[in-house]
Amino acid sequence: MSQKLITAKRKTVSSIPRPRWQRVVRRFARRPMAVTGLILVVGFVLFALLGPILLSDPNQQDFAAILQTPSLAHLLGTDDLGRDVFARIANGARVSLMAGVMSTALALIIGITIGLITGFYRGWVDVIVMRIVDVMLAFPFLIFAVGLAAILGASLTNVIIALAVSQVPEVIRIARGEAMAIREQEFVSGAVADGARDGTIMFRYIAPNAMGAFIVQATVAIPAAIIGEATLSFLGLGVQPPMSSWGIMLTSAQQYLAQAPYLALFPGIAIALTALGFNLLGDGLRDVLDPKETR
Amino acid sequence: MLRRTLNIGCIAAASLMLVSCASTPSASPSADEVVAGGIAVVALSDEPDTLDPTVANTFVARVVFTAFCEKLYDSNDSLELVPQLAASLPVTSADGLTVDIALREGILFNDGTPFNADAVKITLDRNLTLDTSSRKKELAALQSVEVVDENNIRLTLSRPFSPLGAQLADRAGAIMSPTALETLGLDFGTDPVCVGPFDFTDRVPGSEINFTKSDYYYDKDLVKLDGVTYKFITDPNIRAANLRSSDINVAERLNASDVDQLDADGVDVLDVSAIGYQGLTINTDPTMSSSPLASSVELRKAFELSIDRDALNTVVFAGQTTPDCVPLPKQMAFRPDDIQCTDFDSDAARALVEASGETLPIPVELLIPARPTDQKTAEVIQQMANDVGFDVTIKPVEFVSALDLGRAGDFDMFLIGWSGRMDPDGDMNDLLTTGGTNNYSQMADSEVDFLISEAASVTETDARQDLYGQALDRIDEIKPLIYLYHDTWFLGLADITGVEYSADAIPRFKTAELTK
Amino acid sequence: MSVLEVEHLRVEFGTENGPVIAVKDVSFTLEKGEILSLVGESGCGKSTVAMSIPRLLGDSHVTLGGSVHLNGVDLSAYSEKRMQEVRGKEISVVFQEPMTSLNPAYTVGNQISEVLLQHEGLSRRAALARAVELLELVGIPDAQRRTAAFPHELSGGMRQRVMIAIAVACNPLVLIADEPTTALDVTIQAGVLDIFRRLRDNLGTSIVLITHDLGVVADIADRVAIMYAGRIVEMASTAEIFAAPTHPYTRGLLGALPSRAIMQANGRRRLTDIPGLVPSPSTDPDQCQFAPRCASASIECTAARPTAEPVAVGHTVSCYHPAVGAML
Amino acid sequence: MLQRVITSIVTLFLASIVVFVGVRLLPGDPALVLAGETADPAVVAAIREQFGLNQPIWIQYFNYVGQALQGNFGVSTRDRIPVAEILLQRLPITLELAGLAILVGVLIGLTAGIVSAVKRGSFADYAANAFGLIGLSVPHFWLGMLAILFFAINLQVLPASGYVAFTEDPGENLRRMILPALVLGTGLSAVLMRQTRAALLGQLSADYVRTARSKGVSRSREVKHALRNSLTTVVTVLGLQLGALIGGAIITEQIFVIPGFGKLIIDAVSARNYPVLQGAVLVAVTGYVLVNLAVDIAYAYLNPRMRLAGGAR
């Protein structure tokens, strides 16, 4: 608010405006919550990458050590087949992060391309695309994802596709909105007047300026996709054993809720912490980047 | 190889099981006070399909039928035939082509209309002719039904078929009220009327089916309850929890892992070794399956040797199933007495695998229905088989699709069970015979075909038992199927006594009473 | 006694990038029926002065210093609760943005009555009737019907008139108008200024008019205070400022005053044609802040801050090198 | 607004095609499911014919839509009970769950959002923010499991699951709905809290709030000004969250074994009960579209600018 009084309404419009990244980083670093989020995310990424190297085989069964409570030998205990829960959570981190990040990336690539084109050209392309988007949005996310996963069959790839497709309409809407707004700005009309090609305008002028909105959308979408993956896996529509996923671990933990509650605890905490990390990161980035704040 | 030598351990284990299996009419250990009337709430593990005996297919529907829809025959603890609506056991002619059945007299359907030979004929004809009848195949040998008089019918068969009695002890023998059939036709299942201790009241889809005590039932003096409500609760943990809180009186198919805790909480738990089996069906047609298992008996044997059935039982089922290597349940009278299974021997298995000359590890794609227990079983088998040189990949597919794939022969190995029948014919014919609809393994062996069809036409029990023994030996040589175990089912009882839970694992509430 | 006395006003914002001293040291008085104009570039702190008088900057990140006396009573000692009784009744404000300063969800009549209900203890019906009168007063035709209108149904000029109606509803002693005409078309500007003039003439309202538009100043103000970097650098009667600007910055401003023709062609033109940059508001060194941009700056200008010295009757200036005489 | 209604109808029409085709793309033959373990090919063929599954898909579609418009959604393949009857039976259950969850969500979310925005930087704000973030990051089904673990298994104060009809025993019905509604409502309240806070903060720094302040009104009236304009956001979010709520209900009903719509859909998927699945998903989608239409109308009411403009966004 105070910022506003001092610097408000002093926008230079002569060149393509871009956020100054150093400043962005500095502002980001001053937010302890955002930094916590970054640490959590980086932590889980490292955990996912290093876990398989450092920890025991997540699929190694040990019938002599079934349903053991956490101990030094098994930090988070063992599951119903005597497998090390810690190693399985590390393995699950990989699945979760892959599903979260890849589905969101896929959704962004498809959604931004379509959104920019429809927002830029408008006309009948826009009408048709928006009808399709409306229809897709008419389906509650989980029903859509469950249906798609059931049609495609259960596998990690299909979960990623199902989650990505479910996210696309939202991305299209955002990209379209940004394209329509930025298109009207002076530096774009200038470029149009200079005879720049449509593709150049869309991807050199409009896209970079909408980047803030896209990054914010990504940080909202990734944790949602991570939870989505866990949910689909929990329903048996996600990755399949022996591959482990946090959702699957929770499915089998449900059977042992009374006997071995820790089986339900740790994978859930892992999901929550990862999602929390991305949400914190997202909140931080939104504060730093969100164009809405300066509007 | 199935050796016919006596093994003390195995038999001892089996007889121990039998002791617990055969615990028929439920003991009521606590001296609880009996309450007059009341409605027993029973939790089923799944929602039954339509309550029309001609088309019904689910196991849970069979459970519900016992409340309101009696059959010509029923089975006892050894899965032997006993009369229910029939007055006596069927009388088969010397050539085996005519079967006479005497009916009980003076019995009324739950709508008050009389039960008689005409009604039986109408039901059986419907079973034979309705397009969507699932009973057609079961009654394939039945050519025609003839009303001899008010209380006698004569069945004419196209070939001698001794399992007929067993079929009439199942849904095919459940007699429907002709009046109700007339009114409802195809929709009989929406308001079914038969002979039974209870009468259908209503059904709340997805939730429950309600029955009230019948006024017309012949044994109505024995019926103490005012009614029975069957609720559908798919999650076994929740069935157990509701039992503990006395929200329900009976819960079917509880988790083995919950049993001890339930006992401690004062819930009575009865168990029965279910008549069905679980097994690994191997595709034996090399044109359909690319796995070396398809063409090599030795490798199939190696696979069996790699599996520690007892460990599987301990780890996945808390020691509560009955490991076995034949399809016939232990309580079945026709089961050969001297079955010896191939024991777990990983060294022998590894030796066989290495001797096969195939490139190791040997790939096997294991098709499984995507259900938690199946997945866990598959994971354990995967580890065991991989230990000796196989490379098992698990392919979980949603149940119905898995059946599709199984039928199409699109698999290397398929983890699939069979719910079991009262008569051994139902556990082997069509499942192991050439061209059978459920012969997923694609096995085609004329000796097996002959033995199974011969056993069905012979009436004498010892002779049948012997023929099935020979068939099982031959099947063991070919190994189209690695039988794993028979499930043990647990029935939890809270504040109820007098529940019958016998060898067919179907709880009956005719004589049940609520307690305080 | 002056109606309003502002002494050594200092306003500091805590921001992420450290403190910003928007107003460093501002003192002035306002007499009954006087129109004082605060003039300066964007960011010089003039709006902050306007907002801090009725303590509208209310935010935990703001530190206020100095004192504000209203009719001799020290407002800085007032609790927030007592300030609420002052706002809208004794001191009221007209804001710069007529498009956003009205609540889009309430009718115009509703928003005018609110202030009457708050301070005058009128019934809802009486307040609404008074709202119609006020709308007529600010020159809105068909006032009765307009009370039921929502802000988005009115033009910018109309909305600004509504804002003024709200501000004058309780006959305030002091009206603070923060760039009231900036967002309006030139033709409408004149009408709005006319309302101010009538208020002063008819009700004796004292007005602080914040603007960067010297044309407006010349048109309506009695006295002018020129602000630069959080301080008043020169203060004099309107006639004196235009006739004999003394501070080099004032002279620069006047020199940069665009001709009418330019104003009409490009209404957004700002008074930034003096070479150099506005100094950073985060520091307050003991020197003349204008020195880096000043043609006549000498060594002493950067050695110590000049104090306000009278150069004529009612004309003070903070400069070591005050210019004398009219501009060429 | 009329245009908005027409758009909704077109959307529903297209959605019905998607549902119809989608349902038929599910692997697994419904006739085979019905035919059961022994599945006689002749029986399978007969079932197919009986349910019209052997006809070309567009004919099936037009027959279906024609009937559906008259309120006839066919009969369940599993038990031959009319789908409309099943839907009517299940819908109130899910509506109750959703209603309670919305109540929980709005009570907690709106209150926390308002307090946190008004008392920005206070302990309450941090607490509300932490709640919002955690609520957003925790999956429903895990929360459900924890709730069962804690309240049903450890404390044994509330039943783990099961459903009792309200008409049967209102007290027991509510007792059994507490946990599911809390679980489902928590996620909603987290989103609502964050959105309310953001919207209210945005509005609190709006110029018109400063205007209100300059009038000398109290802090609570200032907040009221801002709140009135934040409600549009809140209502929109609530409408959009309905989708998440339906999804959440699926999982919640699964975990707490509530025979509502979500469970109906999941069960119908695994039983390949085409008529039930179609009917249920169509009703869910229709509900979603209608609620969002209602939201747009409410939006117009809350935001006078929209009344004349005659369309949203």
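A, B, C and D are the chain letters, set down in written order, and residue numbers restart from 1 in every chain.
Please note the rule applied: a contact is a pair of C-beta atoms (placed from the backbone, for glycine too) under 8 Å apart; a residue touches a chain by one contact, two chains touch by 3 or more.
Predicted, not measured: the structure shown is a model, and the values here were computed from it.
Enquirer: So if I look at the partners of subunit A and the partners of subunit B, which chains show up in both lists?
Expert: Neighbours common to subunit A and subunit B are D.
Enquirer: Which one chain sits nearest the middle, judging by mean Cα positions?
Expert: D
Enquirer: When the centre of a chain is set as the mean of its C-alpha atoms, what distance in Å lies between subunit B and subunit D?
Expert: 40
Enquirer: Averaged over CA atoms, how far is the centre of subunit B from the centre of subunit C? Could you give it in whole Å?
Expert: 91
Enquirer: Just curious, how far off is subunit D from subunit A if you go by their C-alpha centres, in Å?
Expert: Those two chain centres are 22 Å apart.
Enquirer: Please work out the Cα centroid separation of subunit A and subunit C, and write it as a whole number of Å.
Expert: Whole-Å distance between the two chain centres: 48.
Enquirer: Touching two or more other chains, which residues of subunit B qualify?
Expert: 235, 237, 397-398, 401
Enquirer: Could you tell me which residues belong to subunit D and also touch two or more other chains?
Expert: 27, 153
Enquirer: Applying the document's contact rule, which stretches of subunit D touch subunit C when the two form their complex?
Expert: By the definition above, subunit D touches subunit C via 121, 206-218, 221, 225, 228-229, 302-305, 308.
Enquirer: If we count contacts the way the header does, which residues on subunit D are in touch with subunit A in the complex?
Expert: So the residues of subunit D in touch with subunit A come to 7, 10-12, 14-15, 18, 22, 25-27, 133-134, 136-142, 145-146, 148-149, 153, 205, 242-248, 250-251, 254, 265-266, 269, 281, 284-285, 288-289.
Enquirer: State the interface residues of subunit A toward subunit B in the complex, per the touch definition above.
Expert: 59, 61, 63, 66, 80-82, 150, 153-154, 236, 240-242, 251-252, 254-259
Enquirer: With touch defined as at the start, can you tell me which subunit A residues reach subunit D in the complex?
Expert: Going by the criterion above, the answer is residues 1, 131-132, 134-135, 137-143, 146-147, 150-151, 153, 223, 227, 230-231, 234-235, 250, 253-254, 257-258, 261, 264, 268, 271-276, 279-280, 283.
Enquirer: If you look only at subunit B, which of its residues touch subunit A in the complex?
Expert: Against subunit A, the touching part of subunit B is residues 235-237, 255, 257, 261, 311, 314-315, 370-372, 375-376, 378-380, 382-383, 394-398, 401.
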